[in-house]
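Both complexes shown next keep chain A, but they swap its partner, so chain B is in the first and chain C is in the second.
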Partner chain A sequence: MSTSAPDTEIAIHRAGAQRMGFFTDTSVCIGCKACEVACKQWNDLPADGSQTGKGVSYDHTGDLSASTWRHVRFVELFEPSPQLREEAQRALDAGAGGRLPAIPAAGGVDLVDVAQSGAGGVDVADAVRKMGEWVFMSDVCRHCTNAGCLDACPTGALIRTEHQTVVLQPDVCNGCGYCVPACPFGVVGRDPDDGRAGKCTLCYDRLEDGLEPACAKSCPTDSIQFGPHDELVEIASRRVAKLHERGIEGAYLYGAGDEPEDELAGGLGSFFLLTEPPERYGLPAHADSPVQENVVPATVAAVAAGLLASAGTVVAFAVAARRGRRTRGGRTW
Partner chain B sequence: MSAEDRDIEPALGARGGPASWRAAEPGAPVALARPGFGDAQWSYLYKARDTDYAGAEPAPGLVAEANRRMRGTPVPEVNGPLIHAPVWSGMVATYFWFGGMASGSAFVSLACDAAGDHRSAAIARKVALGAVAPAPVLLIADLGRPERFLNMMRIFKPRSPMNTGAWCLVAFSGSAAVAVGCDLIGRPKAARAVGALTSLFGSYLGSYTGVLLACTAVPLWSGSRTILGPAFVATATATGAAATRLVLVASGLPDGHPTRRALGTIETASMLTELSISAIGERRLGHAASALDRGRPGVYFRAAKTLVALGISLRLIARRTGPREHELASAMYLVAGLLFRFAWVSGGKPSAEDDEVVAAMARYRRGPHDGPRRPWQARALSVDRSRWPVPSAMQRAYGEAVRRTSLAVGRLVRRRPEA
Partner chain C sequence: MIEGGNMAEAHPVGFRWVMKAKERGARVIHVDPRYGRTSQLADLHVPIRAGTDVAFLGGLIRHVIETESYFREYVVSYTNASTLLCDAFRDTEDLDGVFSGFDASTGRYDPASWGYEDCVVGLSAGVHEHATQAFSEHTGAGMDLGSVRHDDTLQDPRCVFQLLRRHFSRYTPDIVERICGISREQFMAVADALIANSGRERTGMFCYANGWTQHSGAVQMIRTAAILQLLLGNVGRPGGGIMAMRGHASIQGSTDIPTLYDLLPGYLHMPRTREGHFTLKEYIGVGKVDRGWWSHFDAYIVSLLKAWFGEAATKENDYGFGWLPKLTGNHSHFSTMLRALDGGVDGMFVMGQNPAVGSQHSGLQRRALARMKWLVVRDMAEIETATFWRDSPEVQSGELRPETIQTEVFLMPAASHIEKAGTFTNTQRLVQFRDKALDPPGDARSELWFMHHLAKRVKAHYAESERRRDWPIVNLTWDYPEEGAMREPDVEAVIKEINGYDVATGSPVASFDELRGDGSTACGCWIYSGIYKDGVNQARRRDPGDISAPGGIVSPEWAWAWPANRRILYNRASADLEGKPWSERKRYVWWDEAQEKWTGYDVPDFPATKRPDYTAGPDTTGMDAISGSDPFIMMADGRGWLFSPSGLLDGPLPTFYEPLESPVPNLLYPKVDGNPAAIRWRRPENPVHATGDPQYPLVATTFRLTEHHTAGGMSRTVPWLVELQPEMFAEIDPQLAADRGIEDGGWMTIVTERAEIEARAKVTERIRPLRVDGRVIHQIALPWHWGYSGLSVGDTANELVALSGDPNVSIQDDKAFTCDVRAGRRYGPSTARLAGVGLTGHHVRPDEDDPLAENPQEHRS
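Let's look at the complex of A and B:
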C-alpha cells in the first residue's frame, strides 16, 4: 500500500527515481541520539543553545526546529495506557505463561528472550509496575504526500524532489514563516537568528551521490531504516506482524499501511513503528495538509463575504441617499 | 605543537571560504556509494536468513487494523509539543488592519460613485491608497529575510493563500495608485472605473487574511475556517468606512450629508456583524476558543468588544446631541478593528501551544473510531468537519487543477528555457 505524490507536484525529474523514505522502528531504538548528532554534523546545523533543566524530561533537545532536524523524543510514561494496562492484566492473570504486553514493560530484560520463552523466569508483576517508564522515538520530517508546508510556501522555496521528498531551498526562502504553523506535525521551524525556515531534507545532497542519509547511516540498531518507500512499507508490515506474534499487540505503524480514508496526510514518506497511542509521542491521531483541507471552504466564505460587503456598502448608500432626499436637514451625523 | 605546525586546512573549500566543492569528474561516484543505495543495507536486518526481525507474513488487513485500533484508543496523557506556534509578530496584525482599512475604503469609494457623490469617492480612493501604503512595509519587516521579499513574486501559486495575497496586494496597490492618479490628472471617469476594479481586488485583500490563518494547523484558526474570512471582511468594512468618514469630516463634508449618514450606518452594521460572527465562532469552537479568552489575546478581544459596545451607545446618544460623538464613535471602531486583528493573530500562539486541544481536534475531527468523549472534547468537536466534508476526489481534483494552473503560468513567464 504505497502512496505517491501527484506527478505535477514533482519539481525535479530523473529517470528511474522512486519514492525514498525512512522507516523509524521505535521498538529497537535505544535513545542514543546518534542520529541527532550525525544530522547536526552532516548538515552543519548550529547548536540550539543550552536547554538543560526542562524539568519534565531527560530529553534536553525538546523539539524539532529549524536547526534540529532529527530529534529523539524521550517519552517518560507516567501512566500506562488503558490498552496496555488491560494486556498486562491478562498477562498477570495467565501467571507464568502470560506474555508481556509491550516494550516499555520490559524494564531492562531481554525482550526477545521474554517473548519467545513466554515470560519464563521474569517477574511479570514487577515488569508491569515498571511499565510507566520510557520509550524513545526518533522524530523527523514526515515528507508527507499532502505536505502542508509545501502547499503553504509562497515563494516556491519548498519543492518536491524526484525522490518525492519535500526539500526547502535555503537560497530561495525569505522567512515568511507560513510553513511553521502549516505543518500539522510541528516539524518546520524558523530560525530566529538566520531568519529562514529549516527542516530535514532527507539528506538530498547525499541522495544525489547515492548515499543513505546521515541519521540512518549512524543508527547503531538500524532503528532508522532508509530505502525505497514501498520496500520499507513491506518490511514494516512484516515487523508489525512479527511483534504481534511475540505478543506485543500494541505495535502499529504511524503513517503507512492505512486504508485510504485513514491515511495521515495522504501517507507519510517517513513513517514510524510505535507501541503507544500517538499522543504519547506528541503526534496527532489524524492529520492532513491544513491548506488542502481548508482552502476551498475558507476562500469561498471569505470571497463571498467580501463581495457581499461591497454590495452591502452600495446598498447602504442608496438607502441613505433616498432617505436624505426625503428628510433633508433632519438629524445631524 | 604551535599553530603553524597543525594542519588546519578545511576538508572542503579554502580557509574562510564556503565549504563547497565540485567533483573532479562530473558524475563520478563517491567513495562509499553502492549502486541502488546499497550502502543503506549494512545491517543484519537485511540478511533475511540470519534474523526474524521482520520474519512474519502479515495477515491481510492486520496492519491497517492495528493502526486504526491504536490511533482510536481514548486519548492518553498528551506529551507535547504537537505543532509549532506561529512566529508572526504584531506587524502582521497591523498589516491585516491596514489592508482591511484599504479594502473597506475601496468599497466606500465604489458606493459613493454609485450614489453619485463623486467628491467623497475621490477622497475615499485617496484613503484606500494611504491605508495600503504601509502594508508592504509591515509585511516585509516581518519576514525573516526582508531583502528577499521579491521572492514572493517569483512564482504564481494559487494554492498558497500567502502567494495569492501578495499578488492581490500588488494588484490592489497598483490599481489604487492608478485610480488616484486619474483623479489628479482630471480623468474622473477613468478614476471611477479603476476604483471599481480596486474594490474588486479589495474584496479579496480584506478577506484572504482570514483564509491565510485558516489554512494552518492552529486549532483556533483552522477551527474557524468559515468564520475568519467573513469576520475579517466585516472589520475591514467597518474600519474602512470609519477612516473614510473621519477624513471626509475633516475635509468639510457638511453635517447631515447622506454620505456621512450612510458611512455611520455601515460602520455600526459591520461591527455588529463582526460581533455576531465572532460569537457564533466562539460557540462552534468550544474549548478551542479559550485561546481568545485568556491572557493577552483575551484582553485585546474584550477591549475590542467593549469599544464596539461603547461606540454603538455613543451613536444612539448622539442622535440627540451633536456630531462630535459620531466622530468619537468612528475613532473607537478604528481602534476596535485593530484590537480584533491583534486578538485573532496573537491568539494563534496559545492555541497552538495548548497540546490537549490540538490532540483532541486532530482525533475527534472525523472517523468512526472515536472513543467516548469527555464533555470538553464533545465541545471541541462541535467543529465537526465531517458534517461539511469536501469529498477527497474533489479535493484531489482541485489540487490537480491548481497545480496545473501554476505550472502553466510558470511556463508562460519563464525567462530562460530549461537547460
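Let's look at the complex of A and C:
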C-alpha cells in the first residue's frame, strides 16, 4: 500500500522503518479540541489569535496555520423542516412580511407527517435524528505520498522522513512560501512575523522516542488513531464496513483505499473517515500535487502548460477534466 | 439516557466510555434544551423546556405502570411498592399540588403523615426541619418498622404502588407535550427504548449532572429518575443505576469527606442545637437506627472523634463530642454570603471556588466580599474573587472604590493537581491515587500543606490555653510526618487516618466491620475504611486484570472504591430472590449454595453468609432485621424507596412544579407554580420574576463548554484554551434573533431584574423554540465561564440569576430562569441596579446570632 518516495525528495532512510500515519475517524469525534491543545503544548506553538465567528459554530480559529497544526472543523447541517418551509411560504404568501410563523412540533420535524408517510412504520428516532447533524472533524497535514509542499521547497527544509512523513525543518526554511500554494489542502501556513512555514511533523521527535503523537495521545475517544499506515488502512476499511452495516451509508475514507487514478495526492499518510461529502468540510474532492498535474497525463499537461500561464489554472483544468468520475462512499459528487 | 447533563462537552474523558458502549450496541438518548455536542453523539436528541424534567420523567413512570412494563418481581420484592401507608397521608392529587402537612405560612412541611402504616416516625417535625437530607434519606432514621404491612398483590389502595399510580395518573403524553414541548412521538421513542433496555436480560442507565442538580426542585428531579429506575429494575445491577456526573474532579470526594456545612465525614450529620444534639447520646439517638446498616452508627462517630481528639477523647467526656461545632440554622453558601452582606461575617477562606463569577447573583456575592475584613483566596491564578476590590464591574463603574473597601485579601498560590500527590474520587466512588509529577513553582503549595501548616500555627498559638473553649484546638491530633525541603505532610499518613486503625496497636483496620463504638478504634471517614488495608495504599493500584474474562470488566484491582472496594452499590439486587442471577447476560453477584455464601465478580453488598431465604423476624434488630431478599441494606426496611417516608423536606414523592421563574403557569397544579417548600431568600436585592411576567418571556439556561473550566480560573488564563472560545456568547434560535434584530456574531444583551449582561450572539438552529401548550417558548443558553480577570474577559452569566434554594440542599434554580434579550450592548454597568446594596438595611454583627439567617424563607424586606 505504502508508496516509496520519489528519488527527487530529500529523505531520511532507515532500514525497517514503516510508513506511519493518522487515521482520523470523524464518526467518533466529540469536538473537544483536546488534539489542538495537546499539539500546541507539545510543539510549543503559540496561540495565534482567534475571533468569534471566524469558523463555523464553535470554531473560532478558522483553519490550520503555521502555528495551528491540528484544527477541529465544525459543520452545522441544520435545515428547517419541509413543513416549516411550507408554513413559512404560506405566511409569506399571506403577506406576513417575512416573519416565520410558529415553529411546528418540537425539534422542527413534524413527526406525525413522517410517521404517516412511511408505510410500514418509520423509526422515529431516525426521523428525529434528521433534524440535523453537527459534524466535527479534526484536520491535520496529510503527509501525502506526492507532497506538493516538498516538491516546491527550494531549500531542502521540507524532507521525507523514514516514516514516509513530510517534516519541515524550521532552521533550514528561508520563508520563501512556495510550499503554501503547492499544498492542495491548504495545510501549510507561514509565520506572520518571520515568514517561515510551519505544519504538522507527525510528532517526529516523539516518534524517535517511541511515543505516539500528542494529538492521538490526548484524544479521549480514539477518533485520532496513530500507527503503521498499512494497519490503519485495514482498521479504517473495517470501520467503514461496520458503519455501512449500521445504516450509515455515507461513511467513506478520504485519502485511502482509492483506485490509483482516484488517489488524493497519491494517497494520504494521514487520512480520514468522513460521513458527508468532502465539500461540506471544506475539503477538495480531488487533489494532486502540482508536479503530478504537470506530468500526468503528460500530453494534457504539456498542452495546458503551453497555453496557460499559471500552475493553479492547470490544477483547475485537470480537476475539471476528472471530476465526472469522482466517487466517494458510493456516491457521485 | 443522558438528561440534565452535557457529558460529551463537560465530561469528555468519561464520555470515552459512552462511545465505547455505543460501539458495543448501546443506544444513547440525550434530553436537553439545546442540541450540543452530546446531542450529536447520541442516537436520539429530545429537546425539552428547561426545568420540566419531573413532568417528562413522571410521564415515563405513568407509562411504565399503565403498560405494565415494570419489572414486577423486582418491584414487589426489592422496593417498597407493596408497603401500606399511613391513613392520614394525603397526596398532591387530593390537595391541589401540596402534600399533607404543608404549612403555607412558613412554606414548610410537617412530615408526620408521610410514614408507613402504623409506623412511628421517630423524628419530630422540628428535627425534620433541619434533618440533613443526605443522611436521613439514606437511613430511615428514627423509623420504627415493627408493624409495617405489605400487600404483595400491589392492589391495596393504600399501598405505595397504587399511590404512585394515582400520583402520576395525570402525567399523560399529552400533558408531557403541553408542559415540556416534547412530542408524543419523541416521548414514545424514549419510553420504548427504556423499556426495551430493562428487565432480566438488559439494563439501562441514567446519567445526569448540574442540569438536574441546580433547580429549586433538584432533589425530587433526581428522585423521579430513581423511581423510574427502580420500577424498571435498573438499580444494583451492571449497566444500571443513576450516575451523577460531578462538577469537578473529586467533587464526589469532597462530599464524602465533606466540605458541606451540614455533614461530617462519611455522611454522618452535623449536630444541631435546635434538635438538642448536645450530648453524644442525644446525637446517636437520632442517627442510630435499630434496623439495617445504620445500627453501626455509634461505631462510626466514636471512631471519628477518636481520630480527631486521640487520647483526650474518652468515654467520660463523650469522646469530645461536646466540642464539635453545632449548627444553629442554614449556613449554606447563600445564607453565609447574605450574612456577609449584612456585615455579619468577618472573613472567609475561598479554596477551589470563585464566587465572584461562579456563584449565583454574582453582583451580590461581590458586594458581600467587599464587606468582610479579610479574605484568603487560594488558587492557581489570580481569580476574580481575589481581584474584586480593584477591577470588579462595581469598581470599574465607580460604585465601589478600592480605598474604601475594607477587605484585606490574601492570595495564596496553589499547586495544581500534577504538583501534589493525592486522590480523585469519581462518580462511581472510585478513589484513584496519583503521584506528584513535579514540584509546584515558587510559593505554590498543596492544599494539604496549607491546611497542615495552618493547623500547626493555630495549635501553637493556643498551646498554653486552658480555656474550655480552646479544648478542641489544644487536643486536636496533628502529628502527620513531614518530608522534603517543603515540609510537605505525608499523604499516606492522612490516608491511614481516614482508613482507620486500632488505637492500641496503630495497625490499619481492614474494613469498617472492625470499627467499634468503645474508643478502641479511630477512623477519619468510615466509608473509606479499607483504602489502606494491610498498610497498602489500595487507591494506588493500577491492575485492570483480564478484562476479557467473565466479569473481568469490574477490574477490582484498579484503584479502590468505597465502600469496601464495591463497584456497584446494592448489588444483591443483581440476583433474584433465590440469589440466582436474573439472567446469564446480567450475571454479577449471586448466592453460592455449595460455599453457603454470596459471591460474584464484585464484592457483594450484603452480609456474606446471609442466606437468600433468611426471613427477619418482627423483633430482630440491626442487620438481623434485614431479610435475605432485601438488597437495600442501608435502608431501615431493606427496600428501594419508591415513596420516601422520611428524609425529604418537600414531599415523599416528586411532583411537577414549574421553576420559580417560568413563563407559564403550572398546568398540572394551577394553584401552585413553583416548589412550595423552596427557599426563597426574599430580600429587595434578590427580586424574583413572577410567573408569566411579560417583561421576561424567555427561558434561560446555563451550560459549560469543553474549552473552559467552571469560572475560568484554570482556562481563561491559558492562551491555548482562550483562543478556542475567545468570548462570552449566548445561543439563540434564528426566529428569536430575527424578532429582536439580533445578528449572528453581533452583540446582544440579556436582561433580568438582577442584572443585564452582554454577549456575542450565536444564532443557531441547534437551539429551537418549543411549542408549549399552544404557545411558542424561546430558550437561550449561556455558558457561565466568563468574568473580569484573565486573558479573556466577558460578562458573567451568574449575575443574572436570583438566589433560591432547593429545601433539601439549598441549591439554586439556575438551569431554568426567565429573562429578556435585545440587540446591542448593555447600557451601563451590568449590576448597576444593586448599587448601594449592603450599605443599608438589615445589619448583624459578626458575634451576633442572626435569627433571620435560620429561616431563609422568611420575608425580610
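Rule of thumb we're sticking to: the second predicted complex is superposed on the first by the 224 of 333 C-alpha atoms of A that agree within 3 Å, B and C clash if a C-alpha of one lies under 4 Å from a C-alpha of the other, contacts with A are read in each partner's own complex, and residues count from 1 in each chain.
Methods note: a residue touches a chain if its C-beta (ideal position, glycine included) is under 8 Å from a C-beta of that chain, and two chains touch if they have at least 3 such contacts.
Nothing here was measured: the structure is a model prediction, and the numbers come from that model.
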{"item": "Partner chain in contact with A:250 - chain B first, chain C second, else both or neither", "value": "first"}
{"item": "Of chain B and chain C, the chain that contacts the larger number of chain A residues", "value": "B"}
{"item": "First (chain B), second (chain C), both or neither touched by A:134", "value": "second"}
{"item": "Which of chain B and chain C A:291 touches, first, second, both or neither", "value": "first"}
{"item": "Contacts of A:46 with chain B and chain C, given as first, second, both or neither", "value": "second"}
{"item": "Touching partner for A:61 - first (chain B), second (chain C), both, neither", "value": "second"}
{"item": "Touched partner set for A:175, first chain B, second chain C, both or neither", "value": "first"}
{"item": "First (chain B), second (chain C), both or neither touched by A:31", "value": "second"}
{"item": "Set intersection of chain A contacts, chain C complex versus chain B complex", "value": "78-79, 222"}
{"item": "Touch list for chain A against partner chain C, complex", "value": "28, 30-34, 36-37, 40-41, 46-53, 57-58, 60-61, 76, 78-80, 99-100, 102-108, 111-112, 115, 124-125, 127-129, 131-136, 220-222"}
{"item": "Interfacial residue positions of chain C with respect to chain A in the complex", "value": "8-9, 12-13, 15-16, 19, 23, 35, 37, 39-41, 43-47, 177, 181-183, 185-186, 188-189, 193, 705-707, 719-727, 729, 735, 738-739, 744-745, 760, 762, 764-766, 768-771, 776"}
